[in-house]
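Since the structure comes first, as structure tokens, the remarks are kept for the end.
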Amino acid sequence: MQPQTVVVLPGDKLPLSPSSSQSALTLGPGIYCNPQTHEIIPTQAGIAHITHPKPHRTQLYVDYDSKRYIPCVGDLVIGCIVGTQGGDSYRVSLSNFSNDVSLPYMAFPNASKKNRPTLVKGDLVYAKVASAEKELEATLECLDPGFGILEDGMVLDCPLRFARMLLFEGDDKQKKEGTSSLLRLLARHTKFEIAIGINGKIWIKCDTVSDTLACYRIVLECCKSPVSQYDSIVKRHFKEVAKVVEE
Amino acid sequence: MNVQDRRRLLGPSAAKPIVFTTVTSETTKVSEQEQQEQKQNETAALTIKSGVVENCNGSTLIESSKFSLLTSVYGPKSIRGSFTSQGTITIQLKNGVVENYQTTELKEVSSWLVGIFNSVVNLENYPKSGIDIFVNLIIDKQGDISKLIPFLIMGICLALVDGGIEIIDIVTGGEVNGNVVSFTRNGEEIVGFWKDHGEFDNNDDDLMNDLEKCKKQYLEYKNLMINYLLEQKKQKDNS
Amino acid sequence: MSIIAQMGPLTKVDGSSLIESKQTKIICSVTGPIEPKSRQELPTQLALEIIIRPAAGVPNTREKLMEDKLRAVITPIITRYLYPRQLCQITLQILNSGESELEFAQRELATCINATLIALIDAGIALNSMCACVPIALTSKEGSDETLLIIDPSDEELKSSNSVHVLALELVDQCKTVKNVLLLDSNGDFNEKDLFNILESGEVEVLKLGKQIRHIVESKINSDITSI
Amino acid sequence: MTDVQETIEVHPITFPPEVLARISPELSLQRHLALGFRPSLRAFDEFRDVQINEDSLSHFNGTDEMKLDTSNNILGSNVLKSGKTFVITSITGGIVEDTSSSINEDDIGEEELREMVNSNDKLSEFATVYPVVEVERGRAGACTDEEMTISQKLHDCLLHSRLISKRALKVKAGVRLTDNEGKTEILYPDEIVANEKESEEESAYAQIAPKKKWSYVLYAKIVVFSRTGPVFDLCWNSLIYALQSTRLPRAFIDERATDLRMTVRTKGRSTTIRETYDLMCDPEKSLDLNINKSNIAYASNFGIIDLDPEAALEQSENEDDEDEDTNMDVDEVKSVFLADLDTEAEETSIRSTISIINDKNGKFKHISLVGGGSKITPDMIKKALILSKERSTDLASKIK
Amino acid sequence: MAKDIEISNSESKFLLEALRQNYRLDGRLFDQFRDVEVTFGNEYGDVTVKMGDTRVHCRISCQISQPYEDRPFEGLFLISTENSPMAGPQFENGNNTDEDEILCARIIEKAVRRSGALDIEGLCIVAGSKCWAVRADVHFLNCDGGFIDASCIAVMAGLIHFKKPDITVHGEQVIIHPIEEREPTPLGILHIPICVTFSFFNPKETEENIKGESNEEITVIDATLKEELLRDGVLTVTLNKNREVVQVSKAGGLPMDALSLMSCCHKAYSITEKVTDQIVQAVKEDYKSRNKYSELLSSENAR
């Protein structure tokens, strides 16, 4: 069976073939199974993807855009330390005004009771969501290499879909060959470090303030622009920051 | 314009309340004896009903031809904040149909009443609890709060009993010339003294005189209350 | 009835919408799920904080009643058990009421409901279904007993009517099926025949409007897709 | 970790009905409904009885002993009791000057001026009252959302019901004349007309007739005690009863006040200002509030809830054991229709409601369908209409 | 009190470093005021002002009321600024106890109402008994800094645009002519105050700057929300086109010397001039477009 994509709105009937009702369904984001009626409906407006990775197996999810992040296990996120709790964990904010999540001291590499991480309020961390249940407070971990504090640089907020696009574009290199990847475009102008949080936060750091600033402005503008314009946006911003330096 | 009450429908702001011209009827001074008689008639005309309000722990409605007081007791219920070894009583008096009294006046009376009930309710038995008492002055045609006070005490006392809250003794009081004296222990003990516009001519005898009268009223009201409670018990036992 | 809608005009909230319908113009913002204040928190579901602010003057009981009705319509369509102990803030600012505010609130209420739905979708709050809402007025024909049903009445039409109504229906299945009456709020002089007339004729109009809202949301989705 | 074998015994917990009703109102309600009755022990379509007790409140035009009681300012009142709940409504009044008038005869209040162009504005001929609802719940502080929404809803419904026309609230102001001997007399324009022979007085009145126009403003204070469920219906019915007993006091102005002017000076400028002189009310004379009797209507409400087969007690198991599986599959949701919702359980669990204000002839003034839960079908609406008509007939008969 | 926006150390450090190197995050120059966009709704006195992402709506309304007893020749004028979570979840509904919000309301009040921008004597109808009560309701729709400046523009644009119904007075009787019947009349505007807000950043250690040895604070005009959250001091000056200073407000924060205050006023003047012209022009154009429609309508009717 072919994968299907279709625009859906909340409460729509999903175009599930009768046979798929026999197969095992995996429900992804934006799909809800009413516990009383066992009806399967989309709860978000977006593009429903219906795929069949194996025979008798159907995967369903809705690709939709939003600004507020809801933690999900395995997601890579950027958080801001807002305090500590009970002497054994940090309170971390993943989006402004959302419930804070916790990052235990022990969730760092080589952590022991004596060897504690030394993060302070306002520090940014790159972390993975370790647990997320809707009734409970989510927890993060920084165990693997590459996670942990993000020093200096600049962070910006973007729509969640854009963050996903930027992060997974790397994974799909072969597929998207030929499309102008934003990161590759940036790399033509400057050397940079980047961390992409699925929670709609992107952290960038270059050697100079002007380059970081250019990247910051570029990413902000690209969030709202079609891919075809990325190239000119990138060029324009690097030119602009260079102008001020000259002055 | 900005300070208007947004929570109420106020109607046109230019509206003025209805004012009646005073009728020039002869308000003859009522002799003391008549007053006394009136009081007695009132006592006779007093109706008491307990358990009238569903959504509270205890309630009493006391009515006469001149007033109608509804007391409801909420509690003992847990209170927020720090631990208290004793129960805390709050009393709120609310104007009924007509805004007869100013809020400050009602506050003054309610804090005075709290004083009385602090010594009457067995507060030790209600640690970290609040007992909230609301009295609604549904009808009051006298416009003199001190005349109401004995009945306020009476209503609260009976509502507490209805709510199963322990009290040390039946409490009520009497009113003479705007002075209220509240007693317990068969009149042996004074638990509250309210002096409003009443006057004593700097005369101890006067004071004692009024005190005696109040005590007499107290005993009368107390009997009434006890009879009511006994009657209620009988009814309950029968059913 | 027809509306002009903009999805996401505001940047500091999670979702927003701006709706114009005749002279009525309302902007709506939605933020959530966020951390509630402890007094707002509900143990098993999403709490809703609904605020309606009038174009001129301070909000009072009139807006409170509209908030109450809006809540009755919106609560059942939100998949609120997905967000226990969370809060969703819905704020509506009426930019132009488009009706005589002392007597009517029908146009505003209907537009508030439609605006809230679009803003909720924009914010990505999970919904069980869609809804759409139309104001309706019944007028007697000059010199006859016949009643005339006016969908989306103007202020003048409201004033010359015998009764005024707001009808909101829950829509599922590509907005083709009516699942339930979310709200029918009627005031004035009317009879049983009128009532069923409103429910039947109103349904046709609500379905039409639902289609239009659907179109607005779909075109936003499509334009977002092409931009990435 | 050591292997420890633990045995956990699971005991079913049972609660007495009143405890279950508190901790799980929904379950408690479902259990009752499955057995065919309601937590209140009423039948599904049974209303609570309503008792009204007019004139139990002081009433300035009431019996003789009340005559002196003008300080109370109460124009109409009602005490309504329904189940355990009782509602006390009192109508008070104010007087507002009609600030502007158009060219035509009728006075039009300031608020309605914007609508003046449109002669089709039907609603602007009607007035409403300004209600303040207080629900006593043993809590102090700011008024609750419920109190605010009920107040506004009463206000809106009354306006749209066209019960009180603005004309009925016009003050036909009299003038108090004082003769040389200091004796006062109040002349009312309509009384003069009735007594045609006193043409002398008529002209006297015409000379001094106040140029300003006034209207009464009605306020309603509605206090609800012992709330056990939704109270809108009770408030509306009580308000309607109270309005039917409302009398408006005659108002007059002193002859000296009909043309008083004073001079004001500020910053070197001066002007004469007509002094605002308030109307006084006559404690001895009053008129019935002239309401449009044909528009009197009473409120009733209904709720619909789906029966949850899982919540029912298993006692029916023996009878239709074998049916059960098929029942589940068919999934035909059974819903029940309840009249006059009361108790916390019904209020919190029932999310589909029908609220109606109509008269015994089925003329509607207000209807509100809220379908937050079970589906509202046309049949249910029809059923509600029939029951509400009966209820209205019953409520209307209570007033003599 | 609602939760605050979290600002990470990276952001605050970067913003300051960029300023030191002469950059603002949004690419503006330090003394560059954002472009102002003024649009009008269908009714008179319904105006929306956009400055970047900041969006403020103002609605002017009027009704007949009674003047204050001690001011029988004056009408009433009230400006209401109330926050709601629409502008951002950091705002609480109708809570005007927050310090910043009070300050904002006070400055607009001083700039517009107390500076006599509106001719309130012109609102008098019958001295001592009837007058117009004009209200300006400011609604904050989207907050990206500069609420004071934007609100002031919105209120002034609204007042200039607004027209009240025409009236006829016969002694005590006042007849209001609905706007459909008779052309309404504009309000009397005596001058147009414009607020310009300066934000200061301290690039060095606090101590060093306060000692006055080096006044190297960075001054930025019309800060965005991020800049507002991180600034060390703020100054709002209100001017009009007549080069009059209407109001100056500097509530604490980084101290500044008198000369730089003067230079701020100079900078603010050129902005005032430009914005004033823009408001007047916008109103003129809106009136024109309304007239065009009415001409069209009338010509159609004539046929």
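Each chain gets a letter, A, B, C, D and E, in the order it is written, and its residues are counted from 1.
Following the convention adopted for this analysis, a contact is a pair of C-beta atoms (placed from the backbone, for glycine too) under 8 Å apart; a residue touches a chain by one contact, two chains touch by 3 or more.
The chain list, named the UniProt way, goes like this: A = Ribosomal RNA-processing protein 40; B, C = Exoribonuclease phosphorolytic domain-containing protein; D = Ribosomal RNA-processing protein 43; E = Exosome complex component RRP45.
Computed from a prediction, not measured in an experiment: that's the story for all the values here.
Asks: Considering only chains that satisfy the touch condition with chain A, which of them also satisfy it with chain C?
Replies: E
Asks: Name whichever of B-C and A-E has more C-beta pairs touching across its two chains.
Replies: Output for the comparison: A-E.
Asks: Give me the ID of the chain with the smallest distance between its Cα centroid and the all-protein Cα centroid.
Replies: C
Asks: Quick check: how many Å separate the C-alpha centres of chain D and chain E?
Replies: Centres of chain D and chain E (C-alpha means) sit 43 Å apart.
Asks: State, to the nearest whole Å, the distance from the C-alpha centre of chain B to the C-alpha centre of chain C.
Replies: Spacing between the chain centres: roughly 50 Å.
Asks: Distance between chain B and chain D based on Cα centroids, please, to the nearest Å.
Replies: The mean C-alpha positions of chain B and chain D differ by 30 Å.
Asks: Would you please write down the residue numbers of chain D that are in contact with two or more other chains?
Replies: 99, 110-111, 114, 148, 151-152, 155 - these are the residues of chain D that touch more than one other chain.
Asks: Taking each residue of chain A in turn, which ones touch at least two of the other chains?
Replies: Residue numbers touching two or more other chains: 97.
Asks: Specify, in ascending order, the residues of chain C that touch 2 or more different other chains.
Replies: 31, 34-35, 58-59, 61, 179
Asks: In their complex, what parts of chain B are in touch with chain D?
Replies: Residues 7-12, 14-21, 23, 25, 52-56, 59, 65, 70, 72, 74, 90, 92, 96-98, 132, 134, 136, 138-139, 141, 143 of chain B touch chain D in their complex.
Asks: Which of the residues in chain D come into contact with chain B in the complex?
Replies: 57-58, 65, 67-75, 77, 84-86, 88, 90, 92-97, 99, 109-111, 130-132, 136-140, 142-143, 147-148, 151-152, 155, 217, 219, 221, 223, 225-228, 249, 251, 278-284
Asks: In their complex, what parts of chain E are in touch with chain A?
Replies: It comes out as residues 2-3, 5-14, 17-18, 21-23, 25-27, 89-90.
Asks: Where on chain B does chain C make contact in their complex?
Replies: 2, 4, 6-9
Asks: Where on chain C is chain A touching in the complex?
Replies: Result: residues 14-15, 31-35, 77, 79, 82-86, 121, 123-124, 126-130, 171-175, 179, 214, 217-218, 221-222, 224-228 of chain C touch chain A.
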